[in-house]
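When the chains are written out, they are named A, B, C, D and E in that same order, and each has its own residue count from 1.
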């Protein structure tokens, strides 16, 4: 079965139908629709990181590099005042960032553990400084995207990206597809190798696998998806800024993914939702939201031994047990 | 660059490198040797600097302030280990990331509440406030020389304790296999509490010592955190010697990059680290 | 029965800064034979095995596989050439079932490891081969147990099952019987005596009963040096072997 | 009659799986006890429960008349117990020399019979490898180091889990000789090993475990007379 | 016309490095609106405050929330230029008025200018441009310039360079330091070996503190005059101590500025909030004045955006910094003063540039 945990099925069956109805429930309130859209975009990003860190055991602190690259690539290759085709550019951006990931992965994956964390960080910082020092891309102030792409395929235009509700559904669809994609990937034969390499790389080599290649493929996949999320984020408001690339963006995504439950994939959505939701609530309640946010994070680490997803799974299992 | 300027920059680089080692020393101990991924290291550095400022205001004496701050940091470390870190040893390293990021939030919020967000400064202690002329019109502040010496003392001390004493062996063994250390009749929990607290104290003391030559601002810890990790990783996990040499290298690279290749100077230490790790994937001196 | 040389070493050396763990070793390993290797602790047996499977690079000397030098190929390519190994220290996938452990091994031959979409559970044959491997070593009943939760001895058995599952032509076994009970050891001995008819097996073991019973050829190493190679009887009677390794033979150990 | 060690109806679990079902036995001062059983019968678990590495759900462990069930592992060890774990428990970042130095201590009686030098004399192989890291040793060398590391603590009770695994015959003989010497000097031992012949000649008590239960608890003579049955349990 | 409260969205950093600035700005804003309550023609003010954390990537989302969820009439913010860019993206040409109380990116009232975007602070160009002439007046021919390598810093150096070189001065070296690095030793050593006539810098906050102290410690103080955009000595003097004495800066305000508005403002502010006012409080205060005067001019009915913009454009603000009006691009036309640090205060030396107007390059309005 594709969704092998009960809690997971439960989540998917509750979350996606609800998300489908959300714009109607919110009576098209543009703000909430936008906010949820941002959360979904972030979820895609966090999910790609979750796959890399939780499933492949490749811990990176440079994933935001691809998130930012998704945005900057669009600014770099798309004409400034002309609506390009969304799908074509999705392809371009994923292709180029895959290429970048391939090259960087080739270097980065020679190391492991903390050394890999640091070398991914190094590359991310280099890109970060490249864009924040660059005059062409607005330096630290960032750049605008003036015209949003159109989304026609075969003359059929499904989404109007300037319409928040349409954009919402595009992102929801993307999120759903990402989840599905990763679930299928994990269940696949390739996924078996990913698991094996994660648990015991040495043994997998001894069984005759070139683990480097499998890791590289995973790295490229996750990076391309991360770039796609960055591309969506850029399109949402039409604004790219180097802070998208900063290590704190990577760090926050890592926090969301750990919070959600490493390697559970759907936990990425949970983690993002909870983190962003808490921040939103606390910010509106108190100026000292940082304090409470910190306190809550600490409490959650203590309580949820395997993240929120793990907590849910235990809960569901316990209920089933009785 | 003429030779006198080169010489001055060399001193700058070494001096900065030594300072970096001092700032990274707590991380070297807690992360490098004990294997606890403490992202709140930078926050402890910040806390040290703020405490130094606060107690200089209160007592008027830098030395007294340093002593009080060190004790407070020791206590913070003690409490944090006892209540939080201890519960995570058996769990994934990533949980430590989450925990310590939560701690960063809390420390930052507390800093805002207790001391506000304006930049603060601590005066160089009177006894060390002189300068010695160097070349041309440049003078070198005695305090910086004092800091450099202090760093060397810390480095030698740490190297000796970690590598040559039974205590150091136990700490290292604990990183490898806590259960087995307990099977040697050692109360590993207490040992780790103490050593963690000392690590926190080192971070804070670095903040205290650096306070007179830095500006005390919110978020000062986060900026330095990454550099500290760079230092530890270049040197190789768990190696004091490595961290020391790594710190000097980073100091020199950073200093000379800013003079020789200013366009790249922001990226230079990262380029340098990537380069080192590509040649030696385990850092320079990892065991 | 034809006896081809499958694996061969020529002047193989491995130095660990200053320590000659292996010094100028030239050996031949034949098809359909079990080649036992014994020697005191630290003689370099594991080191040899580690080089035969590509885990370590030789300091100097050559490894030949069917006459072709393979000293410089990547570790995983050794396994692809049919050189499989088990480890002295248990080395398995702890968090999955015994079956899944073997499936990873089987899948390399079945292919499809780059298939991102096809379910890993879709091919019955893969499961069957994996199950057979488990049954061969007597772990059939543990098929669906999590590997970390079976006992140490059973983990050792699993270790061998995994190598078998890769259908190797050369089996490098490093103390497979260590930590196993009598019955299990007996099982492995029987298993190996069956397997050696099809494979070239290199066995490092301190269990003398097993070694004497199984070996077609026996090499004794001491301190990284080759001492003697020959049939079991030749070696047993060699006084140097008695002195360096076996003792006088009157002990029950 | 004072026992050195007394284990009373231990029940131990890993998560939900119940591994020990009321294990009881006792050991007198100076005695050697062998714990036998097939793979997976709970020998290691019993040892770990004695040491507090596994917390039993119920049952008691007393050492020299003192109930130590609720003590931390290190406190039990401090009462002069030493442990050679299955799998050797090497520290990957300590050298051979440091392994011994870090463990060496005189026991509570102030005796320091097994000091650093004596251990190295017993295992000359280790002497040559002093500056190597623990995990760089060969399997057998690791085993020697693990035993050496236990001996330098000058224990009163030595617990050996598969201590001769992976040793060459000559060395194995040496180890048995060492254990015999230890025993003769009044140190008690609990030994898990698969070599019944040796255990028979060495131990005063023999405990056979089947599925976490003690099925036989024999002295040397009883073992003699029930040898076949024991062999049956062990699957020889 | 609707008679509900006037909604004022506040988008400022309340935590982190810029937290102090955000707080002062907010205080000034609230104070002005309270003092001028009767100008509001009976309409209440509802504040909606959002912490930007000075994170540009969050800016569009927060701006969007104030626009679409809170339906704010005015959105005040931000402090940080990158955040300003993100806000402008969302708010440009929308039916809310954005008033920038600090962020100085030239672009905000340059290429990105829009009818509904105002700024009550300055453009990066403004405080630095006059310093070029001052430097020449003082007889400096060769100057080294130095700042963090980010938008605001570079724009400040450029503005200085523009006036300094057009008057015949020479920039012998321009040093851009990675943001937010505060290890200045190597740069100072180089300055010491170049020995220029003077040094012009842009730094703010913690960097400013560190730089001025290091400048002194390295023995450069008193030997090579230190010039700067005013932020070098704003809110940092206490921490800089003696090291800052004698530093020359140009800015559109100085705490001890002697005029009736400023004296009253400083007195009221410190009474009300228990701490001395500063530049950021003034800028917030002026933002409040601006809102109040426009609401007053329209007699409380701000529903017609055209009329509102018109009213805002035509206000003349009686600010503690001296009166100012708005340029076509909606940036203040204001005095810039030359100040020298004496006894821990920025004493006004003279009026460096009266009614200085930003060139608003690229603005098509």
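We adopt the following convention: contacts are C-beta pairs under 8 Å (C-beta built on N, C-alpha and C of every residue); 3 or more make two chains touch, one makes a residue touch a chain.
This is a predicted model, so every value here is computed, not measured.
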{"item": "Count of contact steps on the shortest path from chain A to chain D", "value": "2"}
{"item": "Centroid comparison with chain C (C-alpha atoms), farthest chain", "value": "E"}
{"item": "Length of the line joining the C-alpha centres of chain B and chain C, rounded to whole Å", "value": "48"}
{"item": "Chain centre separation (chain B, chain E; CA means) in Å", "value": "35"}
{"item": "Separation of mean Cα positions, chain D and chain B [Å, integer]", "value": "43"}
{"item": "Computed distance of Cα centres, chain E from chain D, in Å", "value": "75"}
{"item": "Shared interface positions of chain C, touching two or more other chains", "value": "none"}
{"item": "Contacts with two or more other chains, residues of chain D listed in rising order", "value": "none"}
{"item": "Where chain B touches two or more other chains at once, by residue number", "value": "108-109, 112, 266"}
{"item": "Pairwise chain contacts, counting only pairs that touch as defined", "value": "A-B, A-C, A-E, B-D, B-E, C-D"}
{"item": "Residue ranges of chain B touching chain E (in the complex, touch as defined)", "value": "2, 4-5, 8-9, 12-13, 15-16, 108-109, 112, 116-121, 123-124, 131, 133, 135-141, 143-144, 213-220, 223, 254-256, 258-259, 262, 265-266"}
{"item": "Of chain D, residues touching chain B in the complex", "value": "51, 53, 72-75, 77-78, 83, 85, 89-94, 98, 101-103, 105, 133, 149, 153"}
{"item": "Footprint of chain A on chain C - complex, ascending", "value": "53, 55, 74-80, 84-85, 87, 91-96, 100, 103-105, 107-108, 112-121, 162, 166"}
{"item": "Parts of chain D lying in touch with chain C, wherever the complex brings them together", "value": "14, 17, 38-41, 44, 86-87, 125, 129, 132, 136-141, 143-144, 162, 165-173, 176, 194-195, 197-198, 201, 234-236"}
{"item": "Residues on chain A engaged by chain B in the complex (per definition of touch)", "value": "53, 59, 107, 110-112, 114-115, 118-119, 121-123, 125-126, 129-130, 132-133, 247-248, 251, 254-255, 258-259, 262, 288, 290-291, 293-298, 300-302, 305"}
